[in-house]
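Next up, some structures in structure tokens.
Presented sequentially are two complexes of chain A, the first with chain B as partner and the second with chain C.
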Partner chain A sequence: MGAGRLARVWAVAANTFRETVRERVLYNLVFFAVIMTLAGLLMGQLSIRQDEKIIKDIGLASMELFGTLIAIFIGVGMVAKEIERRSLHPLLAKPLSRDEFFLGKFAGLGFTLLVNVGLMSAGLALTLAGTGRRVDLHLLKAIYPIYLGLLLVVALALLFSTVTSSALAAVFTVGLVVAGRFSDVIRNMREVAPNAPSWLVGFLYYALPNFRNFDFKDRVAYGDPVPLAAMGLVTAYAAVYIGVVLLMGLAAFRSRELS
Partner chain B sequence: MLPRLLALLLLPVIPLVQDRIDERLGSYRAQEEALYLWSGQHVRRLVPGFEGLAADVYWLRTVQYFGGQRLFAHGKRFELLLPLIEITTTLDPRLAIAYKYGATFLCERPPEGAGRCDQGIEILEKGIAALPNDWRLRQDLGFFYFVFLNDPQRAAGILMEASRLPGAAFWLKNLAAMCLAKGGHRDSSRAIWRQIYEQSEGPMRDNALQHVVVLDAYDVADALQGLVAEVERRTGRRPENLEELRAAGLIRRPPVDSSGAPFLYDRQSGTVHVSPGSKLWRPDL
Partner chain C sequence: MSAAPPDSTGPALDVRGLSKTYRTGLFQKKKGRPALKGLDLTVQRGEILGYLGPNGSGKTTTLKILMGLVFPDRGTGTVLGYPLGDRAWRHRAGYLPEQPYFYDYLTAREYLDYAGHLFGLSASVRRERTGRLLERVGLRRSAGVPLRRFSKGMMQRVGIAQALINDPELVILDEPMSGLDPIGRRLVRDIILGLRDEGKAVLFSTHILSDAEALCDRVALLRGGALLRVGDLAGILGSDVSHMEILVAGLGREVVDRLAPALKASHPLGERWRLEAGEESLASIVRQVEEAGGRVLSIQPVRQSLEDYFIREMGERTEDGWELEG
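Let's turn to the complex of A and B:
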């Protein structure tokens, strides 16, 4: 990709980030702050010496939940709304290709989520420090895969956003995210239903995005080791899967009739 | 065209990477995560309004890990069984099958089970507290007191309690009486395991059948011992080996148990036992 193309992708990404900020997406941080403050204040009294674990659990789960909601509900509008509002036409009349627009949208929302996750991580660290707990860098081994999972959700939302309306795209993306969290149940289905065709089980297992791959929350909250090799594999999985989804999205967006 | 081609080229990489992740993190990591959770109550608070669905998922994961249609899986981590059952039954206290399944394989001795009958009994008692009118759970509790804890008095008492519940099977009183009858331990056990066999399915049914087969093998050993005594009474000497019984036309088949292992014959004492090398040998029978 040439410097000119990169600059145009960057311009769309920066604009997308500004747009999400204008849409008050980052207001979810206020909820997060309230939750973390309550967790910090109350958990020490409510739980028996488990407050540190609970604070980590709540912080990491909130990061994932809020991030997923943003990725889905902002992501599905990224292309579909631009088409529905016809605001895409003047943009594409400029020296900006569909590919650049599409990738810029992905990068922009990805950056918004990075900021969101980064600020939430800081909030979690502050809460831990405020309750007299050690700020644990090991938490990054849960936060990083959460972010990778969020990028995958954004890619899926964008793909559906290019082929259907934003409402349907939201339904499909939520469906895939939920199904992807139960990928283990699909993989081991033949243990309880031996007559299920193995090709179908295998196909579903590999075709659906496996969001369990990105879940290290419990391990990290309990201080269990998370091998770097596992992080590498999860990164590779995210890179390949996101790559495939984005390429499919690009192909669909290129052939989409806009008139 | 290019994005489509690239996507097609990248697609086969996904299963490869997924397999490597499964190799490293384990295919049953969802089940293993049950150890991270404190209790079913903890999970229950996380899924308000969806407890039934969450219970179904945990139940599915339990039978996927430990065995659903087939015999209960060997070589599994039994410390996962109690938390998985505990979470499932806390989320859905009326899932009677989960209490029975959990109790069966917590009580069974290794390698078939965890060998923790105290926990198995606890699970059944939790089930009885949640479903006080379920005579089958009480019946199972009585059975387990008899066959695993060797407490016929308590077993009979529980079976009598079960027999008084609405809809209870008529034969519960007979079984209670059998439990109390002296010298009939093996007959009582067989009757109990037959009942479990008839009422169960999947790995619990296979497990009950295995118990009946074991009891049958011990009965055959007793019968062979009777024949040895008969030969001695008639001829004044004990047979050299069990094959002599066959040569004499007293038995038709080779003197092996149903797993194919030869019975152990001690000519000195004239006794016949199930061989310790047999799959059907049990130290307590």
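Let's turn to the complex of A and C:
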């Protein structure tokens, strides 16, 4: 990628970050995430000897839940809203290509989520430290995969955003995220539906994004060891899946008429 | 920045055989009515070309094809010497879309800065041009106001400013006068004329024929996706007098009725009458008016206006009046 192309992707990414910061919805979600963390603190005080685990559990779960909501509800509008409002037209008339615009949007929202996850991680660490509990770097082994999962959600939201309206893109993205959270149910589908073709079950299990791969919350909260190799595998899985989804999104966006 | 174009002396824009039919239906399989049918269009460097036609005639489709927003079924062309599909010419062109919408969470200054970023302009050039353009479109005092608080006319002027941020050689404007009040229209007219004085080419579509008459070196008239006529206004409208307009006073209706066979039209204006007649019957009418005790206040030759031509060529008279159909 040449310097000019990189500069344009950067310009779109920076503007996307500015847009998400100026949208109130981001603050609302962060606010609710803080509430959830405080709720974890309260529940931790009610639980005997389980307090630290519960605080970590609820803190990480809120990070994942609210991060997913931000990724979906801002992500689905990223391209669809621009097409519907036609704010895209004067931009694409400039040297900015569709690929650069699409990748800039992904990078901008990815950075927004990084800031969001960073703030929520800091909140969780402060909660732990403020109540005299141990803050360890082991938490990063749950937070990092959560962030990778959020990037995958953004990529899916952007893909649907290029081919349909914001509302339908939200429905499709939520559907895929929910299906991906329950991928073990799909794998065991034949136990409840014996007539389901095994090739279909296998295809769905491997083709749908498996969001359980990004879930290290319990292991980290219980203090179980998480080898670095597991982090490497989840990184590779995310890189391949996100790459494929982005390529599909780019192909769809390149051929879309903006009439 | 892009390399030098292969041909910097040819027309600013030259397209041949552009055709487009939009597809409809769930899977985009069904073909609708053709939006463009083999369009040939040339814009010379340093000229203003008005692109005219009724709603649905294919004006916006043409401009969207030029800017790569929709894809033609057939056709080819060059822009500033580059092939139409080459993005290099975008560095040297500006575009205002129809009814533009810009990010309303940005201020006018921020939006122009963002647009400048996309052209790879340095921070100092962006700052200088942003200030100069906001001044030029009359928005200097609103530079720091979020666009969500802008009126439609102010938004249109931001659109014109962003189209000029790269100091383009070719400016393509889709309905630039839309939503503007008389002061805004005058301002945009002056900007367009100023661009021509700077040697830039301007292609603009409009429904406002008086603007086209006042601004254009040439006009292209589009109907039903096909080019009906293109040329300079004098060539299209002709320099011949179409009729004479005679303003008279002191005449009763019975006298005007008596003159009717020699008149093309008559319109009462309070105590006065505006009579329209051919040049050949002027002397006879003046004599009859004076003999009936009336006074001739003025006589003016009238040439065909662009509006007359447009209505005649584009419109179809129905029982209910004129109907314009693209």
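As a convention for this text, the second predicted complex is superposed on the first by the 238 of 259 C-alpha atoms of A that agree within 3 Å, B and C clash if a C-alpha of one lies under 4 Å from a C-alpha of the other, contacts with A are read in each partner's own complex, and residues count from 1 in each chain.
We adopt the following convention: a residue touches a chain if its C-beta (ideal position, glycine included) is under 8 Å from a C-beta of that chain, and two chains touch if they have at least 3 such contacts.
All values derive from a computational prediction rather than experimental measurement.
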Clash or fit (per the criteria above) of chain B with chain C on chain A: fit
Chain B or chain C, by number of chain A residues touched: B
Which of chain B and chain C A:95 touches, first, second, both or neither: second
Chain B versus chain C as contact partner of A:87, first or second or both or neither: second
Touched partner set for A:222, first chain B, second chain C, both or neither: first
Angle, in degrees and to the nearest 10, that opens at chain A between the C-alpha centres of chain B and chain C: 140
Chain B versus chain C as contact partner of A:206, first or second or both or neither: first
Touched partner set for A:134, first chain B, second chain C, both or neither: neither
Lowest C-alpha to C-alpha distance for chain C against chain B (Å): 15
Chain B residues touching chain A - in the complex, by the definition given at the top: 3-4, 6-7, 10-11, 13-15, 17-18, 20-22, 24-25, 27-31, 33, 36-38, 57, 60-61, 63-65, 67-70
Touching residues on chain A, where the partner in the complex is chain B: 50, 99, 182, 184-185, 187-189, 191-194, 205-206, 210, 212-213, 218-219, 221-222, 227, 229-230, 233-234, 236-237, 240-241, 243-244, 247-248, 250-251, 254
Chain A-touching residues of chain C, taken from the complex the two chains share: 1, 22, 61, 64, 67-71, 87, 90-91, 93, 95-97, 99-103, 105-106, 114-115, 117-120, 159, 162-163, 166
Contact set on chain A toward chain C in their complex: 4, 7-8, 11, 15, 18-19, 22-23, 85-87, 89-97, 257-259
